[in-house]
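In the part that follows, the structures are each spelled out as structure tokens.
You will see subunit A twice below: alongside subunit B first, and alongside subunit C after that.
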Partner chain A sequence: MGAPGTAMDSLSAALKCNIIPNQEYLLQGSVLDQYVEVLLHRLRGLCDNVDSGPESFQDHELCFTLRAANPSPTSIALPLRVRRALDVADAPWQLRYVGQQELGDKSRPTVVRSSIDMACTSTIVEFLTELGCRVDFEYTARGYMFRKGRMKITVSKIFKVGGMPNKPEGLEPISQSYLVELSVLAPSGQDAIAEDMRIFAEQLRPLVQLEKIDYKRLGN
Partner chain B sequence: MGVTILHQFPVENRTGPAVIELLTKRIAALGAVQHGQFLVDCETYSSVPQLGHQRTVHVLHNSEQPATVFSLLETGTKTIPLATDGLFDLLMMKMSSFYTSKKQTKAESKGPRFEIGDFCVKLGTVTVSSNFKGILVEVEYRPCIVPQMCWELMKEFLQGFLGSSVLSNPPVYFQNKMNDVYTPIDTIHQYLEHFTIFRKSPAGIRT
Partner chain C sequence: MQQREEKQLESALESIIQRVNDLKNSIASMIFRVENEFESINWPTFLDNFALISGQLISLSKVISHDKCPSLRNYTVLPLLLCPEKDEQLAQVTEHRVTTFSHDLVPDYLRTKLEPSAEKKMLQLEQKAAALTYENAQKQVAAYQKVIQHVWDIISKAREEWEVEAGSRGSTQQNSSVADTHLLVAAVGMGKGLKLGPNPNGQPNPTSGGMMVAPQGRPAGQGQIPPSTQAMTMNKAPSAIKTNIKSASQIHPYGR
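And now, the complex of A and B:
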């Protein structure tokens, strides 16, 4: 029996063979509260999990940034997100790095961004805080998840955390609409999936317009 | 996964391979059968000065849990454990401008892995930055997860093939933990404690 190779060796080999799903293809859109039922109905018809119905979820997400104590204009910041299920008590927490998004030109149907996604223990919040990360913002998302082949479709309502104390459940929605996301996590270079996503997004029109969202334009 | 005790076996004036051969003979005489090899490694990263006070992240892998990466963050006042999927190594590369590794400190323990009844025994040759540092014997008693309930039995087994180098008291790591449930991160803690001492010792002189 051969000696086990080091974990770093197998990681380098996996990187070389390009089997690590480290790219996220993404389209986003939104739908007003009053029309969400129609969209859910449509998705139930289009997606794979027809019999079991959509999977519901309620997640809490914390968005951290690791940056130098005295940031200079040239210093880089590392964004990290921690997500946990509020409705499944013993599910592992998720840690995620999401890189700068590439919009590409018009011929590219989706946004592409690098992503490193992993399950982790619940010590992650204390770990990141002591590592030097600071919380930028947090929210909870409640909604449904659908699957269509490799594609993942989520329809979720975003709430402020802590919100207004006199509100029932203490949850204050940030808008009167639902966020709709269509995404695939794949190894780099699998651009064919983006075309499948464009075709799928086409089928949801005009209920929801899934697009490449440019955050830089939204920010200011 | 059961209770695991890590024991440093004195090398004295022998070479590493000679000690492994000696222990292999002893354990085989008891009826142990070799089941492959094992490897535990540790890479240590330090925070850059721009990040404020110094912090250290130890990233460890254990071939017994091949899909997991274990990290221990030392802040100076406390140690925070974290277990993640394998991609954490990729994330550490992303952090290379905040946490840098000292290449000369890469420590590992590797060697043959034996099974004998309810016990799993690993004979590890420890190297720090490829220099031989000593021998670590790992013994796991698999049916039990509470140290208090199996320490006496494990001690007897350990003394049976390691002789008088095994002390009659549980290792320091187990103090205040004798009645806790044992988990894989406890094994990682023990390895890190030994690696830290090995790193500080001059080449091959820790006996």
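And now, the complex of A and C:
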């Protein structure tokens, strides 16, 4: 129990000092493959990086969980995500903690969840494994990133890793749609940004319905 | 009696000054935003600012027309002394907009009438209006109403067409699928359909541990795993896992 305890302690200590952007405001949606070009075109018009065009990315994400040594029904597994760029060779890896999402009531326009991320090196995988973390699942995301002020919009295709052994790249898309995410990282208490996000999401309708999605209702 | 009137005047002036100051502040902030945030300001905020200013104007005119407010028209403001020298106190009171109480500024500030040219024009228009016969006026009003009605009809028709079009487009063209959204979100957020581990009977698969260990086997300091190596590691997995994934996905169909 020692290792998870200290990890949680340092996290809560980090959360207490209210200067780091540790809250993620999030809206999610999807667009069918055949309309993704229309969406990208609209985003190109709406977002800040008009001249340079959308930034493309291809990331591999490993999701680890750290469970208590003696699992009991009440113990919660600590999720940790490791992300690395497949298209940029010397980019640092990213370690990220994403907390439980808060849906709030109807007056709150977005999902809010705590989020802490940091750059790290490739040895993070060994480090986490040594800590006792286990890979829960992994996927590859390939798509485009847009910026609008503090808002980040990603449009990405999610692939199963190693899903299709007969394909050379071993990538199998898990659906016929692109995942669309609108998010802002901010220090806690900056709820005004959520309203801006709602207005921006409104401008993407009916192409994409960006919504608060309750994970609990999706089932396991 | 006179004392009471004076008191009334004082309180009325005070509330007028306060409202004028409010108005001045909101106009100043509006100008500031237009000048400094013209890139990021959006139309709704812009309109909100206008609404605020118009609300303050209404409240100002309410104060002026209130019963308790003495008729300001009956009071005279008389310039006793004009001076071309700089007046520090005046500058301070007016926030450095007026620095001298001189002969070229005072007529503008104490003016109660329109400019002579504007006054002349108003007079001309009034005469023209007075010269109009009743029948003529009625005719003009009718013609004007007809034109307005016509424009109104055109706009309503366009709106109706636009709404019908938007409505039909919304129902026929589906750009996104709720099922896909839920599938993707569940996959990225919780690993639904991506998990290597659990097999159909819900028990953790022992081989998933092997998958996890794979990166551990790499010599330390090798740096990043090239994608091909990663894929190969996956391909080397026992074939049982693949069938497991398949049957697991059948048990948990995506479109729930």
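Before moving on, here are some points about what is shown:
The criterion applied here is as follows: the second predicted complex is superposed on the first by the 201 of 220 C-alpha atoms of A that agree within 3 Å, B and C clash if a C-alpha of one lies under 4 Å from a C-alpha of the other, contacts with A are read in each partner's own complex, and residues count from 1 in each chain.
Operating definition for what follows: a residue touches a chain if its C-beta (ideal position, glycine included) is under 8 Å from a C-beta of that chain, and two chains touch if they have at least 3 such contacts.
Since the structure is predicted, the reported quantities are computational estimates derived from the model, not experimental observations.
Subunit A is touched at more residues by one of its partners, and among subunit B and subunit C that partner is C. After overlaying the two complexes on the shared chain, residue contacts for A:M145 are found with neither subunit B nor subunit C. When the two complexes are overlaid on their common chain A, residue A:L78 makes contact with subunit B while staying clear of subunit C. By the document's definition of touching, neither partner reaches A:L103: not subunit B, not subunit C. When the two complexes are overlaid on their common chain A, residue A:T123 makes contact with subunit B and with subunit C alike. In the superposition on chain A, A:L185 contacts neither subunit B nor subunit C. Judged by the touch definition given at the top, the superposed model places A:A68 against subunit B, while subunit C stays out of reach.
Residue contacts after overlaying the shared chain place A:L46 against neither subunit B nor subunit C. Shared contact residues of subunit A, touching subunit B in one structure and subunit C in the other: 123, 126. The residues of subunit A lying in touch with subunit B in their complex are 1-8, 10-11, 15, 20, 22, 66, 68-70, 75-76, 78, 95, 97, 116-121, 123-124, 126-127, 130-132. For subunit A in complex with subunit C, the touching residues are 28-32, 35, 38-39, 60, 63, 84, 86, 89, 93, 122-123, 125-126, 129, 134-139, 141, 149, 158, 160-163, 165, 168-170, 174-177, 179, 199, 206-209, 211, 213, 215, 218-220. Against subunit A, the residues of subunit C that register as touching in their complex are 40, 42, 44, 170, 173-178, 180-197, 208-209, 211-213, 215-216, 220-225, 227, 230-231, 233-235, 237, 242, 245, 254, 256. The part of subunit B that touches subunit A in the complex is made up of residues 35-39, 41, 43, 47-48, 50-52, 55, 57, 61, 63, 66, 69, 71, 73, 75, 78, 80-91, 94-95, 97-98, 108, 110.
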